[in-house]
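These are the structures, in structure tokens.
What follows is a pair of complexes built around chain A, which joins chain B in one and chain C in the other.
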Partner chain A sequence: MKSHLRSLILAGTGAALLAAAAMPGVAIAQDQPLVIARNLEINSLDPHRAFCDTCQIYLSSTYQGLVRLAADDRSIEPLLATEWTANEDQTQFTFTLHPDAVFSDGSPVEAKDVKWTFERLKNVQADPSFMMNGLVSIDTPDDKTVVVNMESPNSEFIGILAAPYAGIINSDVATENGAIAGEDAASADQAETWFLANSAGSGPYVLDTYRPDDELRFRVNENYWGEAPAISEIVIDQVADAVSQAQMLQSGSADIAMQVDPDTASTISSPDITIETVPSYNFIYVMFSPGAQGAELLDLEVRQAMAYAIDYQGAIDFTVGGEGALQASPIPNGFPGTDGLPMPEENLDKAREILASKGLEDGFTLDITVASLNVYGVDLTLLMQKLQQDLARINVAINIQPVASAVWREQTANPGIPFSARFYAPDYYGSAQYVQFFGMLPDTFWERRASGQGKVDLVNQRQVELFEQALAASGDRMNELYHEIALEMIKDRIIVPVVSPNLILAYRNEIEGVRYSACCNLPLAELSRK
Partner chain B sequence: MSLTASGNRKHRAGLPQWATLPVMLGGVILLYWIVVGLTIPLWAPYEPTMLAGMRFQPPNAEHWLGTDALGRDVFTRTLYGVRYSLPIAGMVIFCAVLIGCTLGAIAGFVGGIVDSIIMRLVDVTLSFPPILLAMAVTAALGPGLGNAAIAMVIVWWPIYARLMRAQVLTVREREHVEAAVASGATRPRVLVKHILPLCWSPIIVNATMDFGQVVLLVASLSFIGLGAAPPTPEWGQMISDGALHFYRWWIAAGPGIAILSIVLGFNFLGDGLRDFLDPRSK
Partner chain C sequence: MSTYIVRRLIAMPLLLLGVITVAFLLTHFTAADPLTSIIGERQMNNPAVVEAARARWGLDRSLPERYVIYLGNLLQGDMGTSFRTRQPVAHDLMVRLPATLELVISAMLLGTIFGVVLGVLAARFRDGPIDNIARFFALIGASAPVFWTGLVVLFIFSVQLGWLPGPGRIDSRAVAPPFVTGFYTIDTLVAGDWAGFRSVLMHLILPASVLGWTVTGIVSRMVRASMLDVLSQEYILAARAKGAGPLRVLINHALRNAMLPTLTILGFSFAYLITGAILTETIFSWPGIGSYAVAAARGLDNPAIVGVTIIGGAAFLITNLLTDIAYALVDPRVKLSRQEGS
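This part shows the complex of A and B:
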């Protein structure tokens, strides 16, 4: 009876679709909201405070940068800027803005907005602020020309501008609503709440509604100055786990599922669903924080020993069923400077030898927390349990306490977590972002946290010098320098990448334009229905 | 349940009066789990945290209940789970009975302002849904089995306080108590020697029934991440792992059946004991 009913419904739906295709009403399909199932995990929607994977999707759809990352995930294309030039030593960049570019309220995108945006990004001193490191001043000789002056050479500056966090904000609207770009922005800016309900960019979509842990809804930007996107409304539905995402996809309540892991994907057999597996630049890493409370033993040699005790291939097999790759350094495979880096090595004898030389052959115990999250198909708690087994082989016991992701974020800053796991996705194509986030340079995200806000000195001077040179170099020389930096980062043993998981794109057959983007995860404006 | 119970209340030759079918059935189930809990390290096929084979194996000859996402043997982990659930349930019930009965007895016996204070405290605590209160307390104390146990004691003691107070109020009016008072017995002696011994039946019945509920609550707290930390083979934690891999039914099936059997066992036992000790409350 059930199957009869299903056949009837299917036949009915098929007939309706055929009829729809035959009539001019095909546009109706594009008017239906497109539903994406995803664990939102949003920390903020303020472009300068947000720092999360969903934020990348959101910001790249509602805001536009001066440039953007092309579909090849490497080259840069013009966006709000029609052209740009750099002086010889890469300290001054001049941009000409597109004459037609307008914000979602219809007002033109002007040089003052660019100046305001970059200054605020720097001055709010939030997670993505490192992208404006070295910014000295911005001149606006006329409404459509912007001149950015940097303190020191920065060959990667144009690449950085393709990051979703560098999208240009409508400064008039934002200022009216409490946003401040001045040097006191970190404490005086009050706009974060306003940004939770409004967007102020020039992108193809605008924020319709955001309900935390429920949904993020986009509607098309009526004043969009480019080619209008095919789908007029897109909803990202909060669906925490891969199984529920897959179920929604199969039942038709979602059109795209974004975090289906290989194990769950193997259970999907519906002919209506396309599943693609693509390599990604995303990766899961473990980090050591010698400055954290209870991490006194974690000096360089002990960290080295623990890194040797990890069964990297096993971790890939256990967490993503082999659907992933080893990664040598915190700069992901395929980024400048990563060719020929030594892959992580499991060597129990060496690990035991090191610990024995330190009188730690009987091991020690670490109390750690890990975020209860499933990212890129990897359950972080499960990964830690695998590592727990690995480390037990050298008598290092770890007591795992899963916590909410927001709690984890706070704990890494204070009191610190001796050893834990986390994930990272690129914001643009370029290696500097990894050095600025993971490198042991003064005041990088992980230098601060791993050192317990400076309790132990972890700064690697060689890295500082190499990075300075890399930013001033280009071409092969730049690659060589990033290669050396990567080797230094491996030697530091603060960040140890464990797996670069393949990405699974799972979507209903009628959806077109689903692709992985290195900067922005999923470019929403490229989606359409057949 | 009542059919089985009444059907077996007839006295059968050769068996003591308390040995009804539910009691024996419950007893056998619990004896099984107690024996398993005490002896499992001696005969378990694998270590509970050992990566024993390929991950996600469905039940087979080597792994009777299959393997989980890390290739650990679900059967072994299920059996080891009782080493966490039963002792915690025992400890929680013991502490709740101790605290609840002491305060309940004092409230019932002393009366007046003491009674009012204790009973209002009981009312306040009982006005929260148990799972919500346990979650709040565990969240405040921090996750972990120890803290979950403390939270459950906080949830459970008022039930015994109320029960004990009601018993004490009834018994203290009896003639033998008046006789003891008249013969000059001290108040504590009257309470301990002449009242309390007559109050235990409903407490024992209730405690037995509650055992199962505590096992369930421990599992619930672990399921939502407030109880046992991984890789502890705790049943709620295991079911939570299984929920992540919904299509691999066997990961959650083992601990699910274990919880079912142990709750059922305690309920049978409690039911049977009630029929014998306190038939009026049936």
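This part shows the complex of A and C:
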């Protein structure tokens, strides 16, 4: 018996030693694939059905738009189009295509591809289709010229074209594989499965492999018409948990960890790892829905009082350990029109005074739900618990019930949620998207939900007029108009931003070119090894 | 026994139909419209997009219609398309099931071997230091949550010591082997990829140990209790009196008889591990059925939820049957058919 036991122990020790000996070293050879640890959460790889953060990374690496967002995250620069012009009322846009641009199969990028891409984006009727709202027609006078006609002014169109979802697709290849751009695309297009295994763009990378919940692998585009990227193969590895991402980074299994939260980042002490904290355009907001069931008391003054009762800096400290910024309006800091906006203010005296003037000094109770989510390092339930304490100071009690995100979304439509928290990240660089989503314009997402599908009138006519003008304006005038719209949105007190969490970029020291991009998250083609 | 097996096999499709029906109905009576998992918030206000999505995913049909269509498709092996991965559910399951089975079988093997060894040692050296250590080890295995032990072992063996790799089935920089069986251990060997095979084995050690630890805890306690009971039986005394050595008595006479209740536990543990590998798969980024089920439930991915339920139901039915058969094989006194049993 004893000899058997001894054999077992010896075998176990041997196996452990073998394991240790077999482990590769941490130093990574130059030609090895670069590994990014990230929670993939991809909804599609079809450029016109995809709509997610990882989708932005994927699409901006495999496809190219007519224009792109520059590294300053504000200006637009040429990409497939060498130049473009807009008519005076911002309804017609003319583009000249780069003569050298080719797709990954070597065929030239032509005007017909641009026309086909924009028409499919519009007609497929999926998440990013809103980017082609107002598209009337596209003319292609020759192979390298595209004229886009809109039904109404849209000064933001060029900004929209810098979004990864507007990347130009090789129409011949896509059509061969079931893609359709015509008006019947919503029902007849059958290309999504093909797009899950293939890419058809002109970007620096092509899709090598995609295994949902496992990995997304890129290899360099052999026919790339621009400067070849330094890294020939990149893998985005599915790692859902921030701690696991940090562990992979420390062990050398990953080169970049994309979703490390401040708490986890503080535990990384390795000298081989660089941790950068940068401001982001993402934000967490609370919203009031006076049209929701049980929200009858939430008129403008009460909403103002509740907004004054929020300890904004405390919420930032509590949720992201101070790694975040205040945000004035639903248009994030740094976007057109946001310079000089007044930051949210905590003022308990004012809050109490308003409630007293309404005869509500004894407060009231709200039953609310919140999505059980942790986004950009912020746990929404924890945030609501913090706000629960804040509001208790003015005798407003909120009973919080965490629910699944899908259930939460259903409830916002019916019966409505009086007060809750949510998040937003930009789809492209431009302020119109925020007005169209958060503004109190007829039929925007939050106008419908906050008003209880029209039970109470929340439409802000001034916003409607300003937005019309903004879409027809450009340059400084456009910025001024968005500034005024932002002020109106603050006055509405329907959407109140609480925190714009910083982004933590954690990567091994030998990696260069890691940066956050407002349109594309992480531009892969800029990465290299020292 | 063969009559019994045939009867169970005939009943199985009916039981599965029940499972499918309940799962299908439950997923369609949730508190949220599945469209919320298909369309983003912004486009939920766009009637054209909503209508297109309903038509595309068959959500514009009545529930009975959808049920009949689903059953018809299922008979042809079509379990629908996942709302989340946008790929056929049958394909998703075919890719993920081997990953889970590879993990679960490895965990089962490790857990059983360690559990039996610990149980036997604990019983043999009852109330001594070995017994106490074994019981403590079993207690931790049975009670410590997998998400905690997973992170701890990753931190110790991957980050601190660097002995074993981190999450995933194979080194992230390596290319997965061509699909033959879906078991990376087998597929790397088939491909002649020895480096890949070594990487796969290394990646299996931590998750399989963590998951198997639970089984070790349960099995060792069961074996210990059964062994103590068996060791006090008269036939053990008789075996000793006939001159059988201690090891022979322990293994051939005591362990064989003590294994009967353990087999029941192993049968249930296997089915439990298949559906319960959820946390291990999440912590170790293991692309198996468990993590697929979690993502499906979280994202209201109804076709995937029903698909996983079918697989889970089938796993329980099959393991129950196999356990009953194993019972009869290990203990000839157990008869499975009514005629033989009466």
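Going forward, the second predicted complex is superposed on the first by the 356 of 530 C-alpha atoms of A that agree within 3 Å, B and C clash if a C-alpha of one lies under 4 Å from a C-alpha of the other, contacts with A are read in each partner's own complex, and residues count from 1 in each chain.
As a convention for this text, a residue touches a chain if its C-beta (ideal position, glycine included) is under 8 Å from a C-beta of that chain, and two chains touch if they have at least 3 such contacts.
Nothing here was measured: the structure is a model prediction, and the numbers come from that model.
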{"item": "Chain B versus chain C as contact partner of A:Glu192, first or second or both or neither", "value": "second"}
{"item": "Partner chain(s) touched by A:Ala254 [first = chain B, second = chain C, both, neither]", "value": "second"}
{"item": "Partner touching more residues of chain A, whether chain B or chain C", "value": "C"}
{"item": "Partner chain(s) touched by A:Asp213 [first = chain B, second = chain C, both, neither]", "value": "second"}
{"item": "Contacts of A:Val243 with chain B and chain C, given as first, second, both or neither", "value": "both"}
{"item": "Partner chain in contact with A:Val407 - chain B first, chain C second, else both or neither", "value": "second"}
{"item": "Chain B versus chain C as contact partner of A:Met287, first or second or both or neither", "value": "neither"}
{"item": "Touching partner for A:Ile168 - first (chain B), second (chain C), both, neither", "value": "neither"}
{"item": "Shared contact residues on chain A - chain B and chain C", "value": "241, 243, 247, 403"}
{"item": "Chain B partner contacts - residues on chain A that touch it in the complex", "value": "241-243, 247, 263-264, 267, 317-318, 321, 372, 374, 379, 381-382, 384-386, 388-389, 399-403"}
{"item": "Contacting residues of chain B [partner chain A, same complex]", "value": "49-51, 55-56, 69-71, 143-144, 225, 229-231, 241, 243-247"}
{"item": "Complex contact set, residues of chain A against chain C", "value": "1, 4-5, 8, 16, 19-20, 22-24, 26, 28, 32-33, 35, 43-44, 46, 49, 51, 125-127, 129-130, 186-187, 192-193, 196, 209, 211-215, 217, 235, 237-241, 243-244, 247-248, 250-251, 253-254, 403-407, 409-411, 413, 437, 443-445, 448"}
{"item": "Chain C residues within the chain A interface of the complex", "value": "30-34, 36-37, 39-46, 48-49, 51-53, 55-56, 84-87, 92, 95, 117, 121, 124, 151, 154-155, 158-159, 161-169, 171-173, 175-176, 198, 202, 205, 246-247, 250, 282-285, 287, 291-292, 295, 298-300"}
